[in-house]
Structures are given as structure tokens and as C-alpha cells.
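Across the two complexes that follow, chain A remains constant while its partner is chain B and subsequently chain C.
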Partner chain A sequence: MIVDLGLIALVIAALAAIYSFVMAILGGTQKRPAYIESARRAAVAVLPLLTLACLAIIVSNLTDNYSLEYTYRVSNSTTPTFLRITALWGGQNGSILFWNWLMSIYIFCVFVRPWKSNRDLLPWVIAVSIGTQAFFILLTIFFANPFARLFADAAGNISPSVFMPAGATLFRAADGQGLNPLLRHPGMIIHPPMLYLGFVGLVIPFAYAIAALIAKNKTNSWIIAMRRPTLVAWLFLSLGLLLGARWAYDVLGWGGYWGWDPVENSALLPWLTATAFLHSVIIQEKRGMFKILNMVLITLSFSWMILGTFVTRTGVISSVHSFARSSLGVPFLSFWAFSLVGAITLMAIRSDLLKSDNKLESFLSREAMFLLNSFVFLTIWFTVNVGTYYSMFSELLTGEKLTIGPPVYNQLVGPQVAALILLMGIAPLVAWHKSSPEALGKMIWKPAVLAVAVMVLLFVIGANPIFVAIGFGLVTFSLAITLTEYWRGMRARHKLSGENYFKAFTHLIARNRRRYGGYMIHLGVLVMGIGVIGSLNFQVQTQRSLAPGGQMQVGPYTITYERALTCDPSTGQMSADCAAWYIERGRDIAIVAGYMTIEKAGQAPVRVAPYREIFLNGTGELTPPGVLSTVGEDLYLLFLGEQSGFGTIKAYINPLIQFLWVGGIILVIGTLVAMWPTPTARRQTAALPERAVAVK
Partner chain B sequence: MKPKYLLGLALMAAAVVFLIVTSMSANAQYFYTVDELWAKGQSLVDQNVRVSGAVINASTKFEVRDNQPYLEFEIADADKVATQKPLRIVYNGPKPDLINEPHAQAIVEGHLGADGNFHADTLLLKCPSRYEEEFPNQVDKTSG
Partner chain C sequence: MMKRTFKIALFVFWVVAVLLLIALTSVALAQTGTPPPTKQDVTADDVNRIAKQMYCPVCENEPLDACRTAACQQWRAQIGQMLSEGQSEQQIKDYFVARYGARVLAQPPAQGISLLLYVLPIVGLIVGVIFLVWLLRRLRARGTAAPVATPAPPSGDEYIDRVEQDLKNF
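Our next item is the complex of A and B:
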């Protein structure tokens, strides 16, 4: 049967991974190329095997195989075909298998071709990455096996088991429980794979870094080799975070997009250190400095990715007690601790390898700016960590349960992000080795004046609180500098080669993708910054309970409440209007919709119907808003329900929020530019000398 | 690295840690049971906390006042419903459907007012009976 086939494929994948791990270590320590080659091939074989295992789950979902516990939990007879496929990652055990599969894709891509260079690193890169993969496959098999089937014992009790218990018979449920309604939304279908792709990709740079230490490789070749896979992982991690924010905004209905919730935080934590690493490793490549820092950053990224997987996959964080119940806790935390302790021990053993080639010459140098950048990323990382794990620790230590709310995070993280934005502007202008204050002053006085002008203007027109003006001022400052960098390059090309400005612009980027792609990511972040400051500080919120025909005023908008519609398939309350709501929706959901009209002077009225989607199995609800988007702001309406003939409407005006999404898109494009391969021949003729020149 | 740079970074790190610790301990939100809340009593007035307890269904009252939803209900610790002084929750929001379920658990976030009522900013309801999703009974068995 297909389920048996899947289980067998999973077990063989585990064996292949273990074999590859052992052969890589033997090959590396005994210097036997044949062993290493065999390890490489076995590592590559894991992807097809895991693909087979994933397909087995999908086929089981598609064929209504409710004797498989996993299919029983995530699918049912009314689940559409598409959702039966995505249900592969709709439950805990399947998602860990899927997570494994995504990791095997990275491993496949890195090892599918025989390596021509860095052959000294190869066995160790294999060992670290396939070792991690082997751990997670074993975890799947022994603690979260999606191939467990339902068995009935002699007394008629049903329990899941991978193998048939003595005296039991296979049990096939009449129907499944169906996919968690939260996971039926397109945003929630695509967001987890993106985040997982970002997570699992971090194993590659970590493997390279550890390999360089073990193989005593003093060159930069590992940094160059791991750059692109790291950017791929970073891109997916960023996309996962952005899509998660967008999904929350679109369906969760609290008017926001980021709630500093432990699950969000645990995805943000590895992103913070990975971002710092991507920056800081440039200094190691160019100047041979910050080697210890970089090892620390990539180790933290990797081990917090493990921790994040644990937190997001098991929902452990809400309480210490659910942690004790989860059978995954001990293996996950052991692996996390092992990765940390192992990497630190290795760093200590190889400390001679991590000595800096150069000294920091001045505080006003590119090197120092990058150091500060890593420092600020680490303090943010530390802040978010304390906030996330504080409640767990406090419950353990004092017995009192407490939580840290979003205002505390905003207040703490805000100033640190402001420091990053300032660095984003200044750092590219500061010269390597040592910069003179005069030279730097010459380059930044114009943007600085502009920034101060923006601050004063905002302050005068009453931007409140004061740090809103400061925030916009800092964004203006860095935005002006970044755009000037593009303009300078463009104009120089135009003058030198006579290309028109558009051509000069595209060639400028194409010829130096790393630099200008990087600046584009900065632009994206700055544009996002405008959206964050705006929506966080200028949000307007009102709530009214209205009788049909009643009106409420929100800013320039007049909202007229028409009527409510309640559809509940479980009680048969299904009027003719309900049909339209159930075209693509399961009958395990009740709908409470509020029809209303939005009017604004000089514009045609718009009709919206925000609604509540209540899951009849009691697992929760969604409150998708009715949104009227304009360039400057979103009018975001929620219908909270109808009681005693009154419909309750919550209205938000979210100013500048479009900037957040547009900035996100710019960031993604910038990352794609930065990681696009540059043909080697072109690299020589790259680009302009940098503006910042060192003083000798 | 020169000692003065290290010293600079260490000072900055210390400042950040100090900021985090002070502002978190000042703003952390405690999660109490009704018993714990009464034990702390007046010291908690106007402080932002979370409380959870079992909803006393008969106490639920909902109306619309001045175009604002107004919900009032009482909670008590699930094992002490009969003996404990219940906590009255006042919430300016719609009445959740689950509030009338026999074993509804409410988690509210807000502050204890001087009037002895708890003024909730957010209200979350859980229904333990609905959360148990166990395997079907043999009786449900209709196909092989």
C-alpha cells in the first residue's frame, strides 16, 4: 500500500542520511575521496526518498484514507483537492516531514554536482548538513510519524500506532476531522512553506562555517561559496515574515500586522542574526576581521532556527506545562543545546584560526560601522528573546505567569531600529580603514539638513509623539543618501559612456548587483519604515453598535450599516443569501456578515461586507475585514457581530500602510538582484570607485 | 581590538540590558486567577493584568448603551465557583457566542477599577468541552 511505501521511503531516507553522515566523517578524517564521494551521493538520494514519503501522505489525503491518523486529522470528504495537497503541512507531523523535504532540496542543490573547488570543506559541509537532516528524519520517525495508522484494540479503544499492536485491528474512520479552517486561507497555505524554506536554508551557511573551522581553512572561499544559498534562505525567511504579516492583516482582524506574538518572534529571531551575519561576513571577506563574531552570528541563526521550529511546530511557548507534555521537547532542546555547545567548543579549539587579520583602525571606518550594525542587531535579538522567553522563565522561577505586550516591544525595539536606519545611511559613506570627519561631513550635510527640515516641519504641524518626527527624519536621511548613491552612479555612467539615464541605471545595477541590490534592499526597508511609523502612530480606531440604517463617521468616511447576515449550516440557518458564501467554503464554518456602505465626499459609494468566519468545531474564528484602500491610507472595517438588533462595527484608519507592502516588494526584488549570478568575465569591469575614500 | 572600543561596546550593551530589564519589569503583564487577583486586591487597581476564570452563565448581561456595546458577566475559578466572591467583568464589545456555553472559560485583559469591577480591553473565550478532539468511538464505525 501507498502508506507502507511512504514509511519505507522515510526509513530508507533516514538510513541514507546516517550513512552519508558516517561516510563523510570517515572520508574527512581518513582523507579518503571515495568515501566522501559516496557520502555526497547518499546525501543527494535523500530528496527523492522524502519526495516519495510526502507523495504517500498526499495520495492518502486524496483517496480518503481515514485509517491513516494524519489524513483523519487534516482532511475530510468535503475537503477540495487543492487543500488535500496542502494539508501535507496542515498538521504537526506532516509539517515536520514537509520541513525535512524542503531541507533535502537545499542539500540536493548544494551537492548534486561534484565539487571542483573547496574539496577540503566538502566532507564537513556534508556531515553538518546531512547530520541535521538525519536528526530531523529520525525525529519524524520516532516522535512525529505521519504514517501512524488508527488501530482498535479488543475493547474497542482507538489509538494511533505505526505498527499494528498485538490483538488490534486496523480502524478506518467514516470521515476525517478536516483541515484546520485557519489553514484554508491562501495566505496561510503559502506562508509556512516560505518560512520553512528560510529556516531550513540556514543549515547551509552554518555547515560551511563549521566546515571551514574543522578543515582549518583560512581562506575566504567558504564565504564566497555560501553567499548565494544564504541569500536564498534569507529571501525566503523575509518572504515568510512579510506574508505572515500580510495574512494577519487580511484575516485576523485586529487592525495590525505584527503582534509580537511568540510564534512571530521565534521566526524573527533567526532573521535578525542572519541579517547581521550577511552584513558582517563582508568584512571578513574583504578585511579578514570579525571572524569570531561571524561564527557566533551564524551559530545563533542556526540554533535559534532549531528553537523556532520547535516553538512554531509544537505551540509550546504558551505555557511551561504544555512544554512538559510535548514529546518533542527533549530531543529538540537537546539538539539545540548540542549545536550551541558544539559550535562554541569548536571555536575554542580553533581559536588560532579566528584571529583577526587586521585591527580596527578608527571608530570612523566602514569596519566599525559594520561592527556597530551587528551590535545593534544583537541587542534587538536579545530584547526580543527576553520578551519572548521571559514569561516562561518567570513562571518557572516565581510561579507567576506574565507576558510582555506589544507596547513594551515597540518602546524598546523602536529606538534600536532607529539606530539601524541611521547606520544604513552613514555606513556606505564611511571609508574603509579610516575616514576623516571632514570628508564624511561633506557627503552627509545635505541629507542631514533635509532630514532636520523634515523633522522640524513634522514637529511644527504637530506630529506627536516627538519620536514620530525623529523617525521620519531618520528615514528621510538614509533614503536621501541611498538614492544619491544610485543617482551618482547613473550620472557617471551617462557621462562616461553616453548611455541614456534609463540604460545607465539598469547597467549600473546589472554590473554591480551585490552593491546596488543591497542598496535596493535598504530602500525597501526604508519604505517599509514609513509604513510602520505611520500605521503605528497615526492609527485611528472607533467602535459603534448600530441599528440597520445607522451611520458612523470615521475621519472623512461615512459608514452606513445595512444589515447582518448569519449562516450556520449546523443549525440549518441558511437563507438564500448564504449560498454565495458557501461556494468555496466547507460546511463546518458559520458566517456572520455585516453589509455596509462607505461614502466619502466626491467619491462613489463603496459597498463592503466584513465578516466573521466561525469554526463550528470550536477551534476559533477569523474576522476578515472590509477594506477600502487608497494610496495614503486603508479604511479597515470589522464586523464584530449582531446582538439585540444592533450590529457592532469596528473601524480603523491605517495611514501609510501601503508603504509597508510596497517596501516589502522592493526588498524582495533587491534580494533577487543581489543574488543573481554575475558572469565572471563581467566582474572585472564592475563599477565606479566608491565615493568614500580613506585618508592616508 | 583596542580596549577602548571594547569598553565602549560593553557600556552600550550594559545600557541596553538595563533599559530592557527596567522597562520589562515595569510593564510586564501578570496573568492571575480570580483567587490571586482578590489576594492582591487593591494593590492591583489600575494596573494592566490578565485574569482567567469560568464564566457564570446566569450573570451575563448585554445591551447597547449610547451606540456602544456593553457586556457584563462574572467569572470565578473553575473549582471554586460556589465558594468564591466572583469577579464582575465589564467589557465594551460584542457578546461572544461561546459565553453561554456551560463550561466557558474567559481570559480577559484589562484593569481592576476602584469600583471593584474588572474593566476588560480584550476578551477571549475558550470552551474546554469543544477542544477535546478525540478519536471516534467504535460506534461511529460505518465502513471497513
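Our next item is the complex of A and C:
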């Protein structure tokens, strides 16, 4: 019953989206405001309809409805309530529905209020965004329908189908298969929604950009209107990447947080172009330049978001051959190609609209620096693309799949990131229009001397390889400049208005959130840079097999192995100690835990128990570490298992890794500062009566 | 003046190029092999040092030293065995490549089809730099008539503007 309701809601949502798309185009081409208004309302209606569809899946999960294929796959009678809800995005079909629902939230927020300005853009913004939405809803209905039910035919064969096949009867399984244990970790519950929110949000700036081209809008109003939604999308994309890194660190057990794995890369690619776009579009707003570049950047962000969704949702990357097996392949790639070719064609048709308003006055200008910045982002993007999709191509060309591991990426991408960090320092100091080398030199010589001092110092104390010293030097340089920017603003306010420094600081940020929020994001990235360079180059790794009571030494830490604990519900090997391990876990995993004590001179001993969580259905395992975190480093211990009385322990020291997480938090706060609605509008309206009185 | 600014732009490119060169050479230097351990002292760390640079076909996207499947354990045991027989890191890698193909290496050798992997980004970079220089010069050259005298974009904040003004006189 509830399943029927959900399916009907999904179909109506598709119809509403298609209707809205058609009416928006008709309204736009025939200049009929009534059509456009109707299109807007239909677009807004998609969210409640999709909400209903999502709720139907959740209710089905909650009520043990194992005749629904999706519930059967992602839930079972022992699944806790909370996980039955999050199981909405725990399987392929449900996650695509959920993806749709998130996109409809953006669309709802953008169109829920009637537009007062930019009315020429409205029909086309609707058409592009709801067109994308319609495509994905249709994809859900025809290729990945979560409302398929299980039917048994006359011969007793059970197969999923949306509609009842002739002569078949509805089949209700006794129990479900349960959620993939990998997806029960809190990190994996929260990480996909963040990433999806970042992905789907990119449709909004793309829709605005395309609308401006179609409507021949030469003004900057679309840039101002799409700024906040774009920042929201960028924030979630960044959060998704950060949480993914943290999740990998917390449960995957290889001592790292980023493996340059194709799934990670496909989420990074749109982030790279979106970041370049957020920077470069400032030049278009202020100087009317780089219009083609901005169109290219937002188009790449959008189409690579589509490609990324395809890659992460279908597993095509592990082998080209799975592409042929996945029914989603052809529609996805067609849509990707269409968005790319369509946008480029439109840019060619409207090339007169994309002419630069101003010329570049100097190679040493803010404008030129921004161009250089986009350029470096694009070369990184290109490199990661080559690495990610190369193995696919090599398989097609030679029949042999190649592995492209982290060393390759680190070599190729590292120097380019170094260039970005250098630019992060220099660019904000370069004046608009043109800057003189003398003026620039005056501002950068102190940070440059500091940076060189850091490099020399690190080199002398033996930082190896040499690019570690270079990396830290560059980070110092840009960090010094960014902090100086805050300091100069604070001092100026302090001198002009006599505010104390703390007040000057908060007012400085409040008065120009965009600029100082942006600097805060830079600070976050630089702090993260310290963590990345440190953990990448100074990681210590060692492995020992110890008898109970045996000790191993890792850096300043002494680790004493106590004992192992093995719990396996399938064999009934469940000692009294096991109960504590199963409080919040399903019974379909085995636990192999190793108890050990960490001692460091001058500190109280710490007891940890890293463990392996082995999924009894054979789909894999998790290896959560035992971690002792200090400001300078993490001691990261893994328990690999017990054999003939010996426990095998793998220990890592991850230096400076805390900087990565702290930098991530600074980045998120900076983004919030930059996108928080400025109170200027309120301030002005509040100030008006006063002025009116004064005039009288 | 213009010559000078162009020099600055060139300087920035050189910085990028030099950084790239330094990083690549230092990576190359860092990769010179370590002497093979003698028979008696093969440890798990020696095995992991080699395994870290390899992938076994069972574990998609997970280096051999981290993968916990039985197949990967066998590979690691074999690496340990070969090390204790006195084989070098290169000999061990060559053995696995000969048996299972170049896919076992985290870093494909720069030859044959994989050469493209290293060449493409560098070609991309060179083409990009040429295009960028061309674009910059074109943007610069266009309309060499009087530049449009647009004032520096106001920040919408009197304090900031005054700060900017102060900085100019600084």
C-alpha cells in the first residue's frame, strides 16, 4: 500500500518536472509570464512529492516489508531503527532516489519565492535545473527503481519487478539481507549525504550561467544571485570530501586518509573546477573579464558532477566491462555528453556575449593572478583526469588494466599544489588593474625572507626529501601573508575608530565577510597543507607479532600486547567479553580485537583495543584503529589478527595529522562566514528613516 | 615598465617550472633502492616496504601491504621468502610483473602504454602554459588605445576603502 503510494508520488514528481520543463521553455520563448509562473510552481511541487516517495521507502524499511526488493536488500529484522532510516541511501536504487530528493531541496529553495529580479533568467534557470531533475527522476523510474517488488512466477523463480508479471504472485521474504556492514559506520552514514548535497547543488550555478547565455543577459545580476547557492554546494562538497577522508582514516585501517582511489578522485574533480570558478567569477563580477573561462569552469563542474555520480553509483571504474553490465551507463554518459556539447554550442552561438569588457592592463595585476590560479586548477584537474580514467583507457587499448597508485599522483599533483600555495600568498597582495613590482616587493619581502629561513632551517636539520622543506617554506610564506592581511585590517580599524583589537577583528570580518571569510578558507587550506606534508613524508610504519606480554617500540612509544579476543556469532564463539562489542552492532559480523597498552615516558599508560570487524556474508571487513592522539602526532595501531598465540600489530606514527582536521574545520567556518547573509540590507532599511528625518 | 611586468610573469612561470623539476628529481633520487637485507633479518617491515608499492589483483585500490585477503597474504609471504633468499627489491617486483603484468605496480613503469601517463600531464602543462602566455598577451594587447578608466571596485564598506587607501600610502 505505502509502496504504491511512493511509486505514484515518484511518477507524479516526474510528470511535474517534465511539465515544469516544458512550460518554462514555452514561457521563455513565447514570453508568457503565466506559463513561467506555472513552471515555477510545478518545480516547487517536486520536493513534497519526492519526500513522499522517500518516506515510503523508509516506512517500508521500518515495517519489515520484505516483499519490496529494496527493503529486502538493505534491511532485516535485527536492523536498528536509525539504520533502517539511513538505509534509504544504503543501496544503489535508494541512493539515486535520495540524490533526487536532495536536488529537489535546492530547486525548492531557489524557486519557492516568486522572483522579483532577474525575471528574464527565470524560465531558463527553471528549465536547466528542472530538466536535470526530470532526467534523474526518469532514470530512477526506468533504470533504478527502488519500488520494485519481489514476485514468484509459476515455476517458483523469484525476480524483482515494478509491476506484477502475468501469472506471478507477490513474494514476501522471511527476512532481509541487512544493510552492508560498511555502511553502518556513522562516518559512512553522514558522508554520502554531504557529498550528494555538494554534487546536486552544482546544478544551480550551471542553470544560472546557461540562463544568462540563453536570455542574452549581459549584466552581473546572475553572478550575484547564484553566489550563495554555489557556496552552499561548495561547502557541502568540501565537507563530503573531508568527512570521506576522516572516515577512511577511522575505519579502513591503512594509516591514511586519501588513497587517490577513482571514487575519491571523481568527487575531487568537480570540486577543483568549482573552486576555480568561485575565484574566477569574482573577476567577471568586478571587471567583466574571463567570461568564457567562467562558462567553461562551471560547465566542467556540472558535467563532471554527472560523471562522478555515474562512476560512484555504478562501479564502472573498477573495470570497463562492468560498464556494459550496468543499465545506467548509456543514459548517464549520454546526459554527460549532452550537457558538455550543449553548453559549448551555446557558448559558440553567444560568443559576442562573452567578450571581455576590459583588457588586461598588466601581467602583474589581480586579474592576471586569478587567471593563473584558474590555470593551475585546470592543470591539476587535467592530471587527475588522466590518472583516473587512464586505467580504463589502457584496458580498452591493451586489454591490460593498469594500476595508478598514490606515488604517481603525489609526484604529478604535488608541484602543482605548491604553485597554488604560492599564488594563494601572492595574489591577494597584487592590486587590481596593475601593480608595480616595487610595491609588491615591499609587501612580500618579509614573508619571503621568513619562508626562505624556514626552508633553510628545515634543510639544515635534514628534512628529506628536499621538497618537504620547499613545501613547508611555501606554506609559511602564504600563512604569513594571510595573517598579515588580518593584522593590517585590524590595526587600521583600531587606529581609525579606537576599537580594541578583538572588536576590530570581529567588526573587520563582519563588515567584509566575503573577503575575510575567503582568507579564512585560505588559512584552513594552508593549515591542512601542513598536515598533508607532515603525514605524507614523515609517517613511520612498523609491524610485529607479539606473544601476550610482549612489547614493541615505535618512536617514543612502548606498546605492550595483552591478549586477543575473538567473537564469532556464526560459530558460537562468544565469550562473556563479547557482549560489549555487540551492543550497537548486528549479529552478522565477527570481531577480532587486540587489547594493548601504550606507554610514553612521563605519561599515564593508555589502553586501546583496535579490532577487525569481519562481515560474515563475505563482503569485506573494517579495521578500526586504536589511536592515541597528541597535538603533534597520532599513534595509530591496527590489530591484524592472532595466530598460534601471537598477535600481529601494525603501528603507524602519523605526524602533524591533527593539522589536517583542524584546517578542515577552519575551512568550513570560513565558508560559513563568507556565505552568511550580510546584514547590509537590514542595516540600510533600518537607517533609512533616520536619514529621512535628517532631510526634513 | 611593460617589459618589466612581462618579466615578472615569466618569473612566476619559472618558479612553477623549477618547483616541478625539483620535485620530480628529488622523487627520482628518493627512489634509489635500498640494499637487500641479509638472510636472517627479514621482518614484516621489510616485506611491507615492498608491498606498499604493489597491488594484488584481489584488492581493488588497496595497496598490498594493507590488503587483508588470503591471496594478498600469500603474496606477502612470497615476498618474505624471496627476500630471505637474498633477492633484491627490483628482482621481486620484476618477478611479479612477469607473472601478473604491470598492474601489480602502484607506479607503472614509464614505458610503452604507461609512458603516456607521465607524458600527457606534462604535455598538457606545456600546451597550457603556451596557451596562457598567448592569452595573456592577447588580453593585454587588445585595445591598446586608452584603457577604460574603471575605478578600483569599491568594497561597499567605508572602513575597508579607507584601509585600502591607507595601504596605498603605506
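For this structure, a couple of remarks:
In the analysis below, the second predicted complex is superposed on the first by the 680 of 696 C-alpha atoms of A that agree within 3 Å, B and C clash if a C-alpha of one lies under 4 Å from a C-alpha of the other, contacts with A are read in each partner's own complex, and residues count from 1 in each chain.
The rule is short, and it goes like this: contacts are C-beta pairs under 8 Å (C-beta built on N, C-alpha and C of every residue); 3 or more make two chains touch, one makes a residue touch a chain.
All of these numbers come straight from a predicted model, not from anything done at the bench.
After alignment on the shared chain A, the placement of chain B and chain C results in a clash.
Contacts of A:F382 after superposition: both chain B and chain C are touched. In the superposition on chain A, contact of A:I158 is made with chain B only, not with chain C.
Look at A:G253: by the touch rule set out above, it reaches chain C but stays clear of chain B. Of the two partner chains, chain B is the only one touched by A:L150; chain C is not. Residue contacts after overlaying the shared chain place A:Q177 against chain B, while chain C stays out of touching range. By the document's definition of touching, both partners, chain B and chain C, reach A:F363. Between chain B and chain C, C contacts the larger number of chain A residues. Looking at the shared chain after the overlay, A:R493 reaches chain C, while chain B stays out of its contact range. After overlaying the two complexes on the shared chain, residue contacts for A:R515 are found with chain C alone; chain B is out of touch. Judged by the touch definition given at the top, the superposed model places A:P437 against chain C, while chain B stays out of reach.
Judged by the document's definition of touching, chain A residues 356, 359-360, 363, 368, 371, 375, 379, 382-383, 386-387, 390, 394, 400-405, 407-408, 411-412, 416, 543-545, 640, 648 lie at the interface with chain B and also at the interface with chain C.
Interface residues of chain B, counted against chain A in their complex, comprise 1-2, 5, 8-9, 12-13, 16-17, 19-21, 23-24, 27-31, 48, 50, 62-64, 67-69, 92-95, 97-98, 127, 130-131, 133, 135-138, 140-144.
Against chain C, the residues of chain A that register as touching in their complex are 252-255, 259, 261-263, 286-287, 289, 318, 356-364, 368, 371-372, 375-376, 378-379, 382-383, 386-387, 390, 394, 397-398, 400-408, 410-412, 414-416, 418-419, 422, 431-434, 437, 464-467, 470, 488-489, 492-493, 496-497, 507-508, 511-512, 515, 541-545, 612, 621, 623, 640, 648, 680. Against chain B, the residues of chain A that register as touching in their complex are 72, 150, 152, 156, 158-160, 171-174, 177, 356, 359-360, 363, 368, 371, 375, 379, 382-383, 386-387, 390, 394, 400-405, 407-408, 411-412, 416, 543-546, 550, 552, 614, 617-619, 640-641, 643-644, 646, 648.
Listing the residues of chain C that touch chain A in their complex gives 2, 4-6, 8-9, 12, 15-16, 19-20, 22-24, 26-27, 29-30, 43-45, 48, 53, 55, 60-63, 65-66, 68, 101-108, 113-114, 116-118, 120-121, 124-125, 128, 132, 135-136, 139-143, 147-148, 150, 152-153, 155-157, 159-160, 162-163, 166-167.
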